[in-house]
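In order of appearance the chains are A, B, C, D, E, F, G, H, I and J, and numbering begins at 1 in each one.
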Amino acid sequence: MSVSVLESSLAPRLPESSATLFEAKQAKNLTFAEIGNAVGRDEVAVAALFYGQAKASAEDIDALSTLLSVPKEPLAKQLAGFPDRGRSIEMPPKEPLIYRLYEIVQNYGLAYKAVLNEKFGDGIMSAISFSTKVEKEVDDQGTWAVITIRGKWLPYTRF
Amino acid sequence: MSVSVLESSLAPRLPESSATLFEAKQAKNLTFAEIGNAVGRDEVAVAALFYGQAKASAEDIDALSTLLSVPKEPLAKQLAGFPDRGRSIEMPPKEPLIYRLYEIVQNYGLAYKAVLNEKFGDGIMSAISFSTKVEKEVDDQGTWAVITIRGKWLPYTRF
Amino acid sequence: MSVSVLESSLAPRLPESSATLFEAKQAKNLTFAEIGNAVGRDEVAVAALFYGQAKASAEDIDALSTLLSVPKEPLAKQLAGFPDRGRSIEMPPKEPLIYRLYEIVQNYGLAYKAVLNEKFGDGIMSAISFSTKVEKEVDDQGTWAVITIRGKWLPYTRF
Amino acid sequence: MSVSVLESSLAPRLPESSATLFEAKQAKNLTFAEIGNAVGRDEVAVAALFYGQAKASAEDIDALSTLLSVPKEPLAKQLAGFPDRGRSIEMPPKEPLIYRLYEIVQNYGLAYKAVLNEKFGDGIMSAISFSTKVEKEVDDQGTWAVITIRGKWLPYTRF
Amino acid sequence: MSVSVLESSLAPRLPESSATLFEAKQAKNLTFAEIGNAVGRDEVAVAALFYGQAKASAEDIDALSTLLSVPKEPLAKQLAGFPDRGRSIEMPPKEPLIYRLYEIVQNYGLAYKAVLNEKFGDGIMSAISFSTKVEKEVDDQGTWAVITIRGKWLPYTRF
Amino acid sequence: MSVSVLESSLAPRLPESSATLFEAKQAKNLTFAEIGNAVGRDEVAVAALFYGQAKASAEDIDALSTLLSVPKEPLAKQLAGFPDRGRSIEMPPKEPLIYRLYEIVQNYGLAYKAVLNEKFGDGIMSAISFSTKVEKEVDDQGTWAVITIRGKWLPYTRF
Amino acid sequence: MSVSVLESSLAPRLPESSATLFEAKQAKNLTFAEIGNAVGRDEVAVAALFYGQAKASAEDIDALSTLLSVPKEPLAKQLAGFPDRGRSIEMPPKEPLIYRLYEIVQNYGLAYKAVLNEKFGDGIMSAISFSTKVEKEVDDQGTWAVITIRGKWLPYTRF
Amino acid sequence: MSVSVLESSLAPRLPESSATLFEAKQAKNLTFAEIGNAVGRDEVAVAALFYGQAKASAEDIDALSTLLSVPKEPLAKQLAGFPDRGRSIEMPPKEPLIYRLYEIVQNYGLAYKAVLNEKFGDGIMSAISFSTKVEKEVDDQGTWAVITIRGKWLPYTRF
Amino acid sequence: MSVSVLESSLAPRLPESSATLFEAKQAKNLTFAEIGNAVGRDEVAVAALFYGQAKASAEDIDALSTLLSVPKEPLAKQLAGFPDRGRSIEMPPKEPLIYRLYEIVQNYGLAYKAVLNEKFGDGIMSAISFSTKVEKEVDDQGTWAVITIRGKWLPYTRF
Amino acid sequence: MSVSVLESSLAPRLPESSATLFEAKQAKNLTFAEIGNAVGRDEVAVAALFYGQAKASAEDIDALSTLLSVPKEPLAKQLAGFPDRGRSIEMPPKEPLIYRLYEIVQNYGLAYKAVLNEKFGDGIMSAISFSTKVEKEVDDQGTWAVITIRGKWLPYTRF
């Protein structure tokens, strides 16, 4: 099965590190799951890091440099600073796969809110103090993708 | 803990059934979990039904009519036909709770796609042949909301 | 000095409680500071509550009912449920006073992010676990409005 | 802790001086607080200057040239003229940290206006005759970011 | 020559006072210049007040009540509080007359900024501490409308 | 006081002549008022010409070539043809100075229309058969910018 | 052949006079050409007047009142004041017939400008000092609609 | 009188042929009318072709190559394929001349539709099976631009 | 299986006839296929007519009046005039079923154009001189919806 | 008849493979139908592949490399990974041919939904498990383009 690569027309809206990392990934023919195993992070987090949406720790940089045979110093320089998140895609998303996720928010947003409020009170589920994962399930009805998102519940402060 | 009710300024963009159902829900002081148990559907699906985003079966209408003490015939008439989904909220969502879900799509959309493609090939996760649920977890770091979404994997047809 | 009232053309995008509360406020000629003192909350929080952007506790409803001479039961019904925040104004804001706040975010947004990241690391300042206040200062250069916002720092979870 | 650097994909919408200044800042590994101390300006003002959102005085240019070891003449030429503010980010902001500030304006905008009008009369808080600062507070509930904005009150002229 | 009246389809986005005032104006067949003379304000300010874009003082309300034969108490109640400015027209304006003003900003905006900066330094011309007037000139080339806008110059605070 | 220069990130949306002219202006350290005097045009018109928003006559090109020491032939070639006006800024304007002008149109647009219609009848003030100027006034209340715009009145044709 | 009537869902964005006039037109079963003949104006101008996009003179009101058997006084009151043009349709137009006109502007806009500039110099064709008409032509290739628009050429003022 | 040339900042959104053709046109100092005469097409059609909005036939390419002294082979290659129309300007148009045409559609769109429907029935005027021309008229009231558009009437198919 | 009914919140953007027709359809429990058979039109055309997107002939009105037991005169009055098409849904469509059609245009639009141009030359497929139908196919891989659209090819006029 | 080529100004929003493939196609003067025959895929699918909207299998790459005389390795590298669909055109489409398809969705969207729901129940027609084709028909009324789209029917999961 193919590994994900960087669509060339996306590069100008991503940090320089994205091109560096994806090029090495394609050369090594590695999946994000394989990289995640080597780095000790979830594959979704690693993919986010490749797209400039997550911060790399010093250990991540070491591990990526070794695994991908990318010289460490320039990589560290490209990955310094703090991600400027959110600009990697335009909303509403045009990609059908990503649009389906957007559509779930659009169609079930109020339902999620109503249920979450009843279960937790007045507040939000954090998208920062947060983790997510993707799993595959196969049953007699076909193949299923399962996405789990887990975020801290933050109640509104009374002031 | 309070039960979710219908914000009055939302009503004009929802079907008539929404006002009918939410009014009865508030009068009976029932949560979506309680209604879901009675109807035999997940609480998120029931909330979606209340907001006009899911179709009620004949059995759902029977059960709702009984549980909520709403006359069956007018309810059945209001719930006839097929939901016109997606207009219940404006995108990008302004409600902070729903925005956080939107933000997850915005920030992790490409990462989800890359990982799903590597795991499943070229295709999408269906938002139609799909189910979801909300759970609560408590650990020593606080309270967590966990949302699971499970959709059929649909590969692109080669033609 | 005048007290703030509800602009009639705003009402359709606010919950019913807004009209109820503002009408009583105007009849009693009370400022938000006076109401805040009586209710035990900050005046900005009370104003947010009047505009449907903050949740009223049972005690708030008692206190408001008494202070404003509004019958408690219908008020409690109107204030039941959870605020559907964010729809009270359209963005970008057209009101000059609110636009100036928006402009500060627009012009200093990246500067705030850079400084906050350097002081706190990779994360955000919560707008939920959050409080704010407005103060007046007078010096020989004129009169100054001082707005303080205080939010919990939330670091990104590593996963 | 890392210092803030310039995300490469942001550069085309900023003036040339941004690249010059950020490159030198990264090479010297200086925070905005350290630069602010050397220049005699608040760290937020310095960050704004780096992003092309504030004007550098002749003294600022001298100090920056010395501190950052950037030749003075080309720096002065890049910083000549008057900032063309507001184009550094697209609104609504996609970066989660900046979005939270935007969300505060969206959710509390009318509340701020109502309270400010009651305290000061009909007018606005200036975003020009204005200063701001960022502070860190730690208490037993966690770490807090505190942003203070202070602007001159401008009453509407009667004509 | 006709007097300006309120286009009925505009009313829902204006405060209640607009309908009250314009109806009386039409009944009395008064121009804004005539009303301005009676109230002691410029005709543009009076028109802005009628459209809910300027605040009426207690004296204005007295004078308008008398001149227009509108009962004072309900008028005062409708004009209480602080204008929620900016929502009377959608931008970009569709009305050809107003579009021409918008077009001047669009086409000459940078030129105004460059010239103002050179004449006054780094700052803005206030639209709050501000007045405006409309005059008519006739010469051998035709009839000319002359709009003058006069605003306080506000330099950016150095901080 | 500084002279206005061309913000580098603006150049791609302006004609080539803008870079040529601004570079020479900065090198000569000339204000638009000084250039206007030399060319015999108002400083605002000259600034508009520099930003590609006004046409240069053959005499303008001669004068500019001489004053700015720019070779005439390439300048003439760059300034040939007819300006493609309106693309120099995005609307709504983000620059605070230009936004204030936009805000005046937004807040006073209907008032200007009502007053102009009453003074002139059904028509518009031309933005083509039009001139404008910027003046400075100082009184005991501070410094004031005065912008005058003068446009031909065009009545609607009856057909 | 049918006469044009007012689509009921359009009415809220049009002045009251539109409903009055169209109702009478439908009752009398008159085309705009017939009304134009009676009123002495072009049919397109009359249709524009019905949609609130053109001003009715006193004579127009007399003629319309008589022809359509609408009481004169309330009609005159509804048609008083000055049209607030441009809000009758949303742009881009969704109606296929109107979209085709919009498409012509979109596709041929630059071509028209280039040709008009070469023929007339730097300026615009007025849409105010302007008239238009619609004609039908039939030849062996089918039936053709011919729209002619004729506007005064306005050269830019040199200042 | 000047000939139209290509605004350099427009080039990136046009096909390569636009730069080639306009450069040669400027070098030869030819108007579109002159080129149209040589090619045997209307000047507006030729201008559209230059902006990539109309297809060149083999004969057009021959004629243009000869007239403009552009080598035929590369020109033919640049003009091969089918125009990707509509992207040459952004809508709503910002250029005042083109905006006036857009404004005519905005203000008279419904009137054109009503009159066309009454004259032709239910259908549209084609913008494909279509031609247009620009003429100049001078009378004692001034100079007039006359644009004629002629499109085939297409009735809706009944199915 | 249920018949389609009118979602109440859609009604305000549709003509009055939509409510009349859908109410009768629901009362009679008829599908569009059944109505189409009775009227002699395709079911999609009938549905379009119900949503105000297609014109009813006199015969259609007769047939509908009889079949649906709706008094003929008021129905004829509601269906008089010419449809104001295109406003029944907002684009991009939010309804998942309609979005999928939109997505096909978005993803395959250029491919359709390239293939159509190669097969037919420079032109368009008419959406006016046009018909469409919906069919159901079942095979061993499941159930398939087949939509056929058939439009006249219109070549661009050379002028 | 001409073959479709790549409009140069489209290239930056497409993957690198698009330029490679279209250049070879133009050099070989092949239609998509011819390429489709050679590759064993429908011509629309091949065009989508050229525009980066469909995935190439290993066999496709072999066949294209041979047919188009493009070296296989760099082509394979450019076509690795998974298409990032949907960004090739901006919506609403400006190209008249593609707009017509969009218009069909806009005008008949609700009708399609109503008919599909009645025929298939609550669900959608898949745009992923989907194929399409373009055919030409000629009859005595002219030339017709026929587009067939065939997608799997997906019922909503009850949960």
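The definition used in the following text is that a residue touches a chain if its C-beta (ideal position, glycine included) is under 8 Å from a C-beta of that chain, and two chains touch if they have at least 3 such contacts.
It should be emphasised that the depicted structure is a prediction, and the values quoted were computed from it without experimental measurement.
Within the list A-B, A-C or D-F, C-E finds its counterpart interface, over half of the contact pairs alike by residue number, in D-F.
Centre-to-centre spacing of subunit D and subunit H amounts to 47 Å, using the average Cα coordinate of each chain.
With each centre defined as the average position of its C-alpha atoms, the distance from subunit B to subunit C rounds to 29 Å.
If you average the Cα atoms of subunit F and of subunit G, the two centres end up 33 Å apart. Counting partner chains per residue, subunit I has residues 2-4, 10, 44-45, 81-86, 92-96, 99, 103, 106-107, 113-114, 117, 123-124, 126-128, 130, 132 touching two or more of them. Under the contact rule defined at the top, the touching pairs of chains are A-B, A-C, A-D, A-I, A-J, B-C, B-D, B-I, B-J, C-D, C-E, C-F, D-E, D-F, E-F, E-G, E-H, F-G, F-H, G-H, G-I, G-J, H-I, H-J, I-J.
Within the complex formed with subunit I, the residues of subunit A that make contact are 92, 94, 96, 99, 103, 106-107. Those residues of subunit H that touch subunit G in the shared complex are 1-4, 10, 31-33, 43-45, 47-48, 50-51, 53, 85-86, 88-89, 91-93, 95-98, 100-121, 123-127, 130, 132, 134, 136-137, 141-153. Those residues of subunit D that touch subunit E in the shared complex are 41-42, 45, 54-55, 57, 81-84, 113-114, 117, 122-124, 126, 128-132, 154-159. Interface of subunit F with subunit H (complex): residues 12-16, 52, 77, 80-87, 127-128.
Contact residues of subunit E toward subunit G in the complex are 2-10, 26, 93-96, 99.
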